[in-house]
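Here chain A shows up in two complexes: once beside chain B, once beside chain C.
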Partner chain A sequence: MYDVLIIGAGPAGLSAAIACREWNLSVLVIDEFPKPGGRLLGQLHEEPDGKWWNGIEEAKILLEKAKQLNTEIRCSISAHHIEKNDHGFNVYTNEGVFEADNLLIATGAAETPAPLPGWTLPGVMSIGAAQVMTNVHRVRVGNKGIVVGVNVLSVAIAREMQLAGIDLQCMALPALNPVTADYGNPVKVMEGLLRIAHLAPSAAIRFGSSFLKGDGAKDLAVKFFPKSGVKMWGMPIHLRKAVTRINGKNQVESVTICDISAKGEIIPGSEKTVEVDFVCIAGGLYPLAELAAVIGCPFQYIEELGGHIPVHNEQMETPVEGLFVAGNITGIESGKVARAQGTLAGLSIANRVIGTDGQLENQIQQAKMNVKTIRENATIQFHPGIEKGRNQMEETFYNILHG
Partner chain B sequence: MNKHRILEHPVLGKLANQKEMTFTFDGKKYIGYEGDTIASALLANGIRKLRVHEETGTPRGIYCNIGHCFECRVTVDGKPGVRACLTEINRNMVIESGKQHSTPFKPTDNEVDLPRTYSEFENIYKEEKEG
Partner chain C sequence: MDKVIICRCEEVDLEEIKETISKYQCSAREIKLRTRAGMGYCGGRTCRPALNAIVAEISGEKLRHEIPLKIQPPIRPVSLGKIGG
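Our next item is the complex of A and B:
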């Protein structure tokens, strides 16, 4: 029986645990992965000031702090069901049932698949899979590969793979089909690319971003996008080429790539075969929120936040008493935002357990401000309308409670 | 087994002093590092195929590598359906790849067989009722 059970030992879950332990709550953190740290573990990018954001080190700092506070963290535990009991929650896992008065779901995000013919072949993986192999396990996923899907996440991870000395042929779009939808639409992809343009050493893309604010300009940019792609860190990024098929018998041997129109339609006769031995598919991220659905939390679809989001307020509380959410389950943002949200959620939980306390109240106000500041200063922004999405969520919460 | 390892990294540094562990996959011995998942240890040994599709026999490997897609399920020390991407290797762990199954749920023409699907059951039931 715990004051709070936290599902997910990533930046949000660990920060929340630390905040709860600082207020002396009894805490259990569980995570499905054998190591704590969540998706912090794979992250590695250079900030505009030239410093490296090394997720493994960031995770170590959080873990060290959690350890000092005697936080119970148990890995390799999968939660598959949650029930309400008369005082809180029963959480069903492969290691039995855990009871807690409060529950924080900090399960993060999962990758949207962008299926293509041949995508079940060994050697085809999600871009996140390649990230974990490269940076966490230090295993090469192949000798020469291609990234299918151009977005904030895939460009960042492609860079990480390059750093590790893995040869990438290029990045291109998935061929348009009913599932790949926007990921196969060059104009939509261009919008996404512009949000990371400031990180790109490529003059072409930075140049592009300065005049591409208007919709018409974006269309033009796609129309005149260079045939050879735009190079970012020496690797061509194609918006006018799409992969239509992945070929191979027992594993990936090649991909079939075509030229596409500005609308994403395949130009007949432009088919080419490119030899690769691995393929990374990047369809973007969506909040991993099934557990919140299981316990009956209402949801709201908000495109800016990445999909169906459990309804919550600024303090990370849901309308289900004792249920809190933090991190990417509340909307796709950077690990830094998740970490700040975790602290805020932890303090909110402490508030529910302890009751009114001046110092705690101050800390909550500060944590709220902190989330906002970090969001405003984010280097990697997954969606331009994040603030609008957040406001819509506030309204939804208010309407559910008072509407 | 270091052929596929990233031993040097400009930011993360050298990969050194790893503890080796022996395990078997489909009866063959391999060496992985302590802290490796089954998926990473096998990939480090150049093995990508973890199972075949139960019905068609087509090859499958890792896809998401974080436990969501269940594409990497293998049998570990006799326990089936274990996700290779979430399970750390142990000394002397015995891992078996997923094999092709018989297809008992496909329609059958053999009269002595029991119905294998609900629609087959419904058909037999209908015939009995009408007959």
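Our next item is the complex of A and C:
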């Protein structure tokens, strides 16, 4: 029987655990991965000020702090169901049932598929899987590959793979089908690319982003996007080429790539075959909220936040008493935001357990402001409408509680 | 392109899903029941967004706030012994 059970040992879950332990709550953190740290373990990128963000080091810092506070963290445990009991929750896992008064779901996000003919062949993986193999397991995913899908996440991971010495041919879009309608559309992809343009060493993209604010300008940029792609760190990024098929008998041998119009339509006769032995598919991320759904938490579909989000307020509370959420389950943002949300959620939980306390109240206000400041200063914005999405969620929570 | 697999666990392709939608004018849930797309080992974690996207694209309707394909426990593959205790 714990004061709080935290599902997910990523930046949000670990920060929450630290905050709870600092207020002396009894805490259990579980995670289904064999190592704690969540997706921090995969992250490595250079920030605009030239400093490096090394997720493994960031995870270590959190873990050491949690250890100093004698936090119980158990890995390789999957929760498959949650039920309410008369004082809190029963959490059903592959290692038995755990009971807790409060529950924090910090399960992060899952990857959206971008299905293409041949994507079930061995050698095809999601970009996130390539990241875990490269940066966590230190396994070379292949000798020569291609990234299909151009977005904030895939560009960052492509860079990480380059740093690990893996040969990437290029990045291109997936061919259009009903599932890839957004990420196969060059204009929409361009919008996303402009949000990371300040990270690019390519003068062409940086220059482009400064005047490409209007929609018309974006269309023009796509229309005149160089046929050979724009190089980021020496690797061509194509917005006017799409992969239509992944080929191979028993494993990936090549991809078929075509020129596409500014709307994403395939230009007949432009087919080329590119030999590769692995393909990374990048369709983006969506909040992994299954556990919030089985406990009956209401949801909102908010595109700006990445999809269906459990309803919650600014303090990370849901309308289900004792249930809290933090991190990417509340909307797709950076690990830094998740970490700040975790601290806030931890303090909110402490508040529910301890009751009114002046010092705790101050810390909560501080943590709230911290989340906002970090969000405003984020160098990587996954969606330009984050703030709008967050406001919509606040309103929904208020309406549910006050009718 | 229509032969592209959407649900990997149950091997349901885009063509079958499209035909089912046009024949029955149906929701994501009805597609799941008719084709088994989303009912496999992964519990729909892989194809759920794809199924929603296909229905939204073909019907032209925006996604609603309720989750279209109900999420039911167990949400991870687990042996009967573990569930039964």
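In this section, the second predicted complex is superposed on the first by the 403 of 403 C-alpha atoms of A that agree within 3 Å, B and C clash if a C-alpha of one lies under 4 Å from a C-alpha of the other, contacts with A are read in each partner's own complex, and residues count from 1 in each chain.
Criterion: a contact is a pair of C-beta atoms (placed from the backbone, for glycine too) under 8 Å apart; a residue touches a chain by one contact, two chains touch by 3 or more.
Only a predicted model underlies this, so the values are computations on that prediction, with no experimental measurement involved.
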item: Which of chain B and chain C A:Asn94 touches, first, second, both or neither; value: second
item: First, second, both or neither for A:Trp233, with chain B first and chain C second; value: neither
item: Partner chain in contact with A:Glu32 - chain B first, chain C second, else both or neither; value: both
item: Partner chain(s) touched by A:His308 [first = chain B, second = chain C, both, neither]; value: second
item: First, second, both or neither for A:Thr120, with chain B first and chain C second; value: both
item: First, second, both or neither for A:Ala129, with chain B first and chain C second; value: first
item: Touching partner for A:Leu291 - first (chain B), second (chain C), both, neither; value: second
item: Which superposed partner A:Ala110 touches (first chain B, second chain C, both, neither); value: both
item: First (chain B), second (chain C), both or neither touched by A:Phe299; value: second
item: Footprint overlap on chain A, comparing chain B with chain C; value: 32, 78, 110, 113, 120, 288
item: Chain C-touching residues of chain A, taken from the complex the two chains share; value: 32, 78-81, 92, 94, 110, 112-113, 115-117, 119-120, 175, 177-179, 181, 244, 283, 286, 288, 290-291, 293-294, 298-301, 307-308
item: Complex interface listing, chain A residues touching chain B; value: 32-35, 39, 44, 52, 54, 56, 76, 78, 110-111, 113, 120-126, 128-130, 132-141, 163-166, 250-251, 288
item: In the complex, chain B residues that touch chain A; value: 4-12, 15, 35-37, 40, 43-44, 48-50, 53, 58-69, 71, 85-88
item: List of chain C residues in touch with chain A within their complex; value: 1, 3-6, 8, 14, 18, 43, 45-47, 49-50, 53-54, 57-58, 63-67, 70-76, 78, 82-83
